[in-house]
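Naming follows writing order (A, B, C and D), and every chain is counted from residue 1.
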Amino acid sequence: METCFSISLFPPFYFFFLMGITLAQAQAAIQAAHQKCLDMGVKMNIAIVDAGANLTAFARMDGAWLGSLDISIKKAKTARFFDMPTGDLGQASQPGGPLFNIEVSNGGLITFPGGLPIKDGSGTVIGAIGVSGSTVEDDHAVALAGQQAIEGK
Amino acid sequence: METCFSISLFPPFYFFFLMGITLAQAQAAIQAAHQKCLDMGVKMNIAIVDAGANLTAFARMDGAWLGSLDISIKKAKTARFFDMPTGDLGQASQPGGPLFNIEVSNGGLITFPGGLPIKDGSGTVIGAIGVSGSTVEDDHAVALAGQQAIEGK
Amino acid sequence: METCFSISLFPPFYFFFLMGITLAQAQAAIQAAHQKCLDMGVKMNIAIVDAGANLTAFARMDGAWLGSLDISIKKAKTARFFDMPTGDLGQASQPGGPLFNIEVSNGGLITFPGGLPIKDGSGTVIGAIGVSGSTVEDDHAVALAGQQAIEGK
Amino acid sequence: METCFSISLFPPFYFFFLMGITLAQAQAAIQAAHQKCLDMGVKMNIAIVDAGANLTAFARMDGAWLGSLDISIKKAKTARFFDMPTGDLGQASQPGGPLFNIEVSNGGLITFPGGLPIKDGSGTVIGAIGVSGSTVEDDHAVALAGQQAIEGK
């Protein structure tokens, strides 16, 4: 394992494949979502994944549900896996629906609201945000705040 | 790996982070739940987790369903993951409900009755109990007996 | 799921296949091992499995290593899986040995000392004990105390 | 599932069990570790877990190895599971060592350098940091910077 000491001298896209969202963007999304939580008086787990559905940044607020840790990450992954809000997928996964029980795939999907894809200025999905810790309405509202911190610019 | 031989000389909170419920409390909850099983004529798996959802104490009665071993532990974890009775979560995870198929998260949740959070005198959740081995009504009744052995004091 | 309300009227061996060690024996082994820990000034996770390698009783002392929870259960299972002390198996799993890397089987084995089979008066293995939380020598000493609480009678 | 809107009005310890390190501390540790990476010209995954070994904060620098994502989290968990630097555990898990192949436990441990426990002023372990993305020497140096951001205060 070796270290490339010259990396700080050149723009990073010369050296590696950028998987969509940057850490700087991911942290900005988390900060915006966190602020929204404080405004709403809720305690959340907030996860950001990149275009490869790999965790890029994460924050769990003090006292947030432990069980929401995994759910927030799965929401973010699910939103990127299918490039749609998690709640949209949940519409199709109900009994009798075309994607019934799709949740058992991919190591576990979460298909209720709280996960949203994040797009760049050209409309390309560069990552996703997943939020869990309260009602699904609250989770969605916080995810929206994080998404807009990137898309709204 | 070394052993701290002086530990018995000092209060334990100087040396480790107490994760909520103590072993003594967990064993008292199991004993109370076990006695309730004997009174009811049922055979159960009884699990206690701490505030970190880590198994703290466990007992499987002779002849209790083998499949209930894992279920009892998952019920206890689920109750602590969301600080609510497992049956409450199951209300919201039904088809068409806001949390449909949440059970695929966290390595597997159990959302029918038999799991209850355990609180201390200030109302803080310090752990949870999970019981499995009979009807969900019986499971819940036994879990309640274990919970009350701690909360009722 | 139904409950057999007549169970308290008859000896349990009329109704189910007893998987070796009883809960009463398992709890006696845990109590003896726990007392040994207090005498030695160590904090341990103590697990007992039955002849089917299913968890029967468990106790985690306050402040014991969290990582030892899983290890204690795996030690007990390993000791019953092969009816030998876990350390004996570790002799054969070293590089170049006949069972190199057997640890990856069965969802993960632990092959260093701290797990011991438990036999009844006829020499039949009825379960096993696994202990983790200190040096392997300490772990083994505590496991021995638990084993002897059953075998020594 | 309901939200407690009064939470901002009262000290948090009345409402939930604080699992050691706070999010504010975890983010400060990540920031310090991130800065150290920039100084060293390396790209890392940085994970912080609380006293329950649950992920609390995470950051993956642009272009950091994808395979180091899981390793950084496992290093943090391992350091908290046994309250010691991950490299110390690796000394004992070598062939012929007392803890050979302990890595198969707990869903996978990482026992080479880059994970360090984080203590509060009283010496109690309140969480841990795990870093992965370069040589183990670099990983350790960055973990140390994150740990000291909390312990050095």
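Structural remarks
Keep in mind that, in the parts below, contacts are C-beta pairs under 8 Å (C-beta built on N, C-alpha and C of every residue); 3 or more make two chains touch, one makes a residue touch a chain.
Just so we're clear, the structure is a prediction, and the values are computed from it rather than from any experiment.
Of all chains, the one whose CA centroid is most distant from that of chain D is C. Between the CA-based centres of chain B and chain D the separation comes to 27 Å, rounded to the whole angstrom. The distance from the centre of chain A to the centre of chain C, with each centre set as the mean of the Cα atoms, comes to 42 Å. Between the CA-based centres of chain A and chain D the separation comes to 21 Å, rounded to the whole angstrom. Centre-to-centre spacing of chain A and chain B amounts to 31 Å, using the average Cα coordinate of each chain. Within chain D, the positions touching two or more other chains are listed as 1, 15-17, 52-54, 82, 98-99. Taken as a contact graph, the chains fit none of the simple arrangements: neither line, ring, star nor complete graph.
In the complex of the two chains, the chain B residues touching chain A come out as 52-53, 78, 80-83, 95-96, 98-102, 104-107, 109. Interface residues of chain D, counted against chain B in their complex, comprise 1, 13-17, 19-20, 51-54, 82, 84, 89, 92, 98-99, 122-126. On the chain D side of its complex with chain A, the touching residues are 1-8, 12, 15-18, 22-23, 26-27, 38, 40-43, 50, 52, 54-63, 66, 69, 134-136, 138. Of all residues in chain C, those touching chain D in their complex are 65-68, 70-71, 74, 90, 93-95, 101, 103-104, 108-113, 135-136.
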